[in-house]
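Across the two complexes that follow, subunit A remains constant while its partner is subunit B and subsequently subunit C.
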Partner chain A sequence: MTAIDRTLSSQTMRGVRRRSPATWIRGGGLASLLFLLPMLFIFGIFSWYPIVKAVVMSFQSTNLVSAPTFVGWQNFISVFQDPQFGESIVNTAYFALLALIFGYPIPLIAAVLMSEVKRLRGLYAALAYLPVVVPPVVAILLWKFFYDASPTGVFNTLLASFHIAPQPWIENAAQAMPSIVLEATWAAAGSTVIIYLAALTGVSADLYDASEVDGAGIWKKIWHVTLPQLRGILLITFILQIIGTAQIFNEPFLMTDGGPNNATVTVLLLIYRYAFENSIGGGYGEATALSLMLAVFLAIISVVYFRITRSWSQN
Partner chain B sequence: MKSPRRVIAVVAFAAASIGLLAGCSSGGASSSATGNGKVTITVGSLPPGTAKAAFTAFDNRVKAFEKLNPNITVKPEEYNWTASTFTAQLAGGTLPQQFDVPFTDTQSLLQNGQIADISSEVKALPYGNELNKSLMAVATSKSGAIYGLPYDPYAMGLSYNRKIFQEAGLNPNDPPTTWAQVAADAKTISQKLPNVAGYMQMTNDATGGWELVATTYSRGGRVEYRNSKGKTIVNADNPATVAALQWLSNLRWKDNAAGSNFLLNWDSINQAFGAGQIAMYPSGSDVLTSLVAADNVKPADYGLTTLPISGSGAGALTGGTVEVVSPQATKAQQEAAVKWIDFYYVQPLINKSQAVSNAKTLLASGQPVGVPSLPVFNQKTYNQTLSWIKPQMNVPQGNVASFNSKIFNQAVVPEPNIDTQQLYTALDPVVQAVLTNKNANIKSLLKAVDTQMQPIITKDDTKE
Partner chain C sequence: MDRRILSPSDWHKPGVKWSVRLLHGIVLVVLIVAGIGPLLMLARSAITPTQDILEHPIAFFTNGVDWSTFATAWNTLGIWVQFLNTIWVSAGEWIVEIIVATTAGYALSVLQPRYGKVLYGMILATLFIPIVVILVPLYLVILHPPLLNQSMINTWWAVWLPAGASAFNVVLVKRFFDNLPREVFEAARTDGAGSFRLFWSIVLPMSKPILGVVSIFAIINAWKDYLWPLIVLQNPAVQPLSVRLPALQDQIQLNVYLAALAIATVVPIVIFLVFQRFFLRGAGLGGAVKG
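Moving on, here comes the complex of A and B:
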């Protein structure tokens, strides 16, 4: 913030302090507040209240029917002592890593290639976006069907035409997570491709022309023009990817229910299990405790990430 | 400067928004009992995925009930108890007003006030004081209040596809009677019909543990016991459970007779069985009703026998459901719900005309009549009911004779009674590990379950 900005800001603050209620109303303050009220009400009821309630519940033992009792840090201790807690972190980190290796570059590559194509770019973009249009549950259950591990399964039939033996896919602890990542990448890539394509339209054609004059080929243009110009978007999609992968739930829940042998139990699935696995309820305290830990972890990661990358994106 | 008209518009907009929200929030809890004595109840007697014919049969019974009780309107809702969805529905208040829960959960639910006290309504029934007391114990509180009517008790059996048996050259009238024979038949089937799993068990959604406990009981083992101090001890790592898992491992890895898909819950194994992908699997004795309604299984192709019994203390795992009522329902709705339970579930067991009428309705819509079950009252009443509906029976009784002739000679063993579903869920990954990892260390996996579950069970044991 420059010295001029600070001066203007302090003048504005003094101006605000001097305003009487009548001036504030005449200046549109009341109208703004009234227009804001529905939003505040909706956010308050559906977002902030549940968050506060969850924080409180993480220190309680409750089945949502009987009166809750405060148990201090017991829910957090129970979560830390649960052997599945470590497993779920490892599994989620493994998913995040695989999703980063495969899921992060693929949309970028696809978007850059599409932007280089002169004809039918819209068609390619539509095709890339098509998986996003399919409802997630339908897509996941379809992939589960495709992953049928018998020799007559859809993917195994395809592999057989290349003389590759049937694969167990999600029926094997080692292959289940990569199989889930494959589906998740397919399902999510379309959205990111569209973001990159939109960002690419903002890259000045002059830069490419100048680099061509300097003798740059396609790879040099991508490396020295496209990627630096997309830096801000890339940094945002990176952190969104981290947050998204840390909250992976639908795929392991619907495809494997955490199996085989807990190989795909993720943090969110564990939260779900705490809350709903015991058919008479009672694990809501542990569930909210773990939710809180995850939220705090992601908030810290986000803040650290933005602090580290602030100078990169500004440059 | 704002014009008064604009200020009024802003205020009106804000008020309308809040009013709209208030309207939304108050719309959820609709009152169903009206001043003229009419009452509407929601009943969870219709399983999801019910075929049109079964739906029609159900609809006809609703009409018959409403004719008998003109002041009651019945609104059916699709409902099927599963461990994971039930809790969400319970916490969210989205359960129908009449629903069913497993034997194992009833005591906890009544202690938590999550199901209604229907003592007066049940005692007012003509047979209210004649109900089987040992069976009623599952739905009766320590003070003697009644919270539900037990219904549909089952014993675990071995369902098998008679058509597949024939195709594999096996005699469907001579189902296996030992675990060795089950393995041999499964191997024969998978060798002759490569895309068919000769035998499989459920593995997911707490059903893996449920079936593992059933196969443990059939070998004389127990996964929970009370020690001399009255403390409940988790004993998943017992010789019978180890033997059950070792048998399963051999079937999978040596005989290659368990197919290729190992993440199966109650719904998906029923679907696979209905699709002819699985030849044999352990099931509740009453599963045929659902198999016909949702999975297009023909009773003529279906066979049921008892699970093989071996070793001292061996028996058949039994369980069942308890028909209960929501405590959120009004008194009038609770009374109506008990009338529905009486009409829909109990009368066909004790009233000849109701039994025959029910059987005819089911028969007319192609639903199975004569599905093996266990007595709700006593064996005499059970046999009498069967004799009433004999003309309507469309389940070839020869196909289930192996079960019916042996089950009453077997010891029946109730499910573990503390944290049952959690214990089952903890056992799921063990079954999955055995089926997906050739070198799974069975004893170590079971010991880990003991370690994981003992503190939970100890905590809840002291609550009892």
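Moving on, here comes the complex of A and C:
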């Protein structure tokens, strides 16, 4: 914009009080809109529109041949009547629970220990993060190879050297889910470690100094300084882990395909099967209905969680 | 002073000092076994004759090394096609993500139109909606794109364009732009720079750190992505490695298959080792934004 342009625009501003298209353009309105166009185009078509459409589709019968028709709550009802629906919820909840037991304390303990390292702290952090950058598909297929149930499987050979009998791992309905959780924890723990390490750096040294003046030992410092200082981030990683594990798909799909005996059919795997493995074609209504229920459930859980934890921090 | 839980006087107590050192040693060993162990196992098995993998699962090179597996996987199996596809997929996603995030971040942070707050709210709202909700409707959009009478199934547009709808990127970039000094913008404006000039010559060059973070994560995420390309790229000729690899497991010799897995791992690991700082700091950054 040149100087003349600007004087012109200020004159028009004075002359015409109302915003005409010309003043809108000179005032930068057109430029703003042009800059927003890529985002409006991409978010509009690939995010906002599909979200609205998901709600509509859950009340419709949709297939690729004829026009969609509204069927009321029929999709929700047929999801509820599917015996796999209950199974998938139980399995997903079981996965989430195991993942919390294995996966929640380990990164915290590791990060607290690692933050005390004086030399080579970068090496510790890099090693912890390494599994996170391995593509999930490679990690899952590699662990599937390790889990080979024959006596000459990789893990079974390792166990044999400790005189432990070979395990069936993912080929057994009772062991499949814990095996999947073990792999998933290995793949994900590193990113949480890095978040905790960053948070630990932010704990002020003054707080530790002050608690030492009060005669606190190491355990008291951890309990009364470190953990309370990390409380905010611990609360967030907790709910993020629940939200994440509720949407587990890659592991059961690639490692066990929901088996053995449906022991690892998760909610997302069921959604995928409704939509893309339906031999009759187009269980799109059921798929969107179930995914909407999952989203609403997670939203309610999160809101309740933040309400409860907020009242804790006020006390 | 750089101190954590343990004070200098704690470090002087021999009991504390040696037990902490012992713990650190244990942590290091566990990290090496867990972090490098599986990858080392993959590398070793990829160059071991299949017979040896099956008979001596954890022994190293009982009957020598077979380097030909990589060539077999690359050429005979044709993994090079999917390798190049993965590069194209991540390059395209990277470009789309950068364009959307920088232009939107600039408009919302610097130009600030009146309706900007509403749009930003609508972008933030998508952060709270699990991706699975839009899986099916998005598939139908790709099948019958609006205004375009041509399906995008089995084209890279089907993965490139939806990747741009990352609220996380827009938030990250906008927040970075919010913290740039406004005086520089004022000065440029007084010198006669228009909105486009300001964007291209002032804002973008000042934003290299955040563009680096967005770029690295765009590329790595494209390399890791599985479910979405599985749905929209059904033709092996356009598939990335992640979608192709599972289909190979029962077709070929074990060691060639493992060599293919190893090939798929090399690029992300190299990117990580080269740009470590971005990852180890960027992840903390991500945590801060989520908070």
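Heads up, the rule we're going with is that the second predicted complex is superposed on the first by the 270 of 315 C-alpha atoms of A that agree within 3 Å, B and C clash if a C-alpha of one lies under 4 Å from a C-alpha of the other, contacts with A are read in each partner's own complex, and residues count from 1 in each chain.
The rule is short, and it goes like this: contacts are C-beta pairs under 8 Å (C-beta built on N, C-alpha and C of every residue); 3 or more make two chains touch, one makes a residue touch a chain.
What you see is a predicted model, and the numbers here were worked out from it, not measured in a lab.
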Which of subunit B and subunit C A:Gly232 touches, first, second, both or neither: second
Subunit B versus subunit C as contact partner of A:Trp186, first or second or both or neither: second
Touched partner set for A:Arg26, first subunit B, second subunit C, both or neither: first
Contacts of A:Thr152 with subunit B and subunit C, given as first, second, both or neither: both
Residue contacts with subunit A in the superposition, subunit B compared against subunit C: C
First (subunit B), second (subunit C), both or neither touched by A:Ala205: second
Partner chain(s) touched by A:Ile42 [first = subunit B, second = subunit C, both, neither]: both
First (subunit B), second (subunit C), both or neither touched by A:Glu277: first
Touched partner set for A:Pro166, first subunit B, second subunit C, both or neither: first
First, second, both or neither for A:Phe102, with subunit B first and subunit C second: neither
Residues of subunit A contacting subunit B in one complex and subunit C in the other: 28, 31, 35, 37-38, 42, 45, 64, 148, 152-153, 272, 275-276, 284
Complex interface listing, subunit B residues touching subunit A: 1-2, 6-7, 10-11, 13-14, 17-18, 21, 83-88, 90-91, 102, 105, 108-109, 112-114, 194-195, 203-206, 259-263, 265, 277, 419, 421-422, 425, 428-430, 432-433, 435-437, 440, 448, 452
Subunit C-touching residues of subunit A, taken from the complex the two chains share: 1-3, 28-29, 31-33, 35-40, 42-43, 45-51, 53-54, 57, 62, 64, 110, 112-117, 122, 124-131, 133-139, 141-146, 148, 152-154, 156-158, 186, 190-191, 194-195, 197-200, 203, 205, 208-209, 212, 218, 221-222, 225-226, 232-233, 236-237, 240, 243, 247, 249-250, 254, 268, 271-272, 275-276, 284, 287-288, 291-292, 294-295, 298-299, 302
Interfacial residue positions of subunit C with respect to subunit A in the complex: 1-7, 10, 16, 20, 23-24, 27-28, 31-32, 34-36, 38-39, 41-42, 45, 54-55, 57-58, 96, 99-100, 103-104, 106-108, 111-113, 116, 119, 122-123, 126, 128-141, 143, 145-146, 161-162, 164-165, 167, 170, 192, 194-196, 199, 220, 223-224, 226-227, 231, 241-243, 245-246, 249, 254, 258, 261, 264-265, 268-269, 271-273, 276, 279-281, 283-284, 286-288, 290-291
Subunit B-facing residues of subunit A, complex: 25-26, 28, 30-31, 34-35, 37-38, 41-42, 45, 63-66, 82-83, 148-153, 166, 168, 170-173, 256-262, 272-273, 275-281, 284
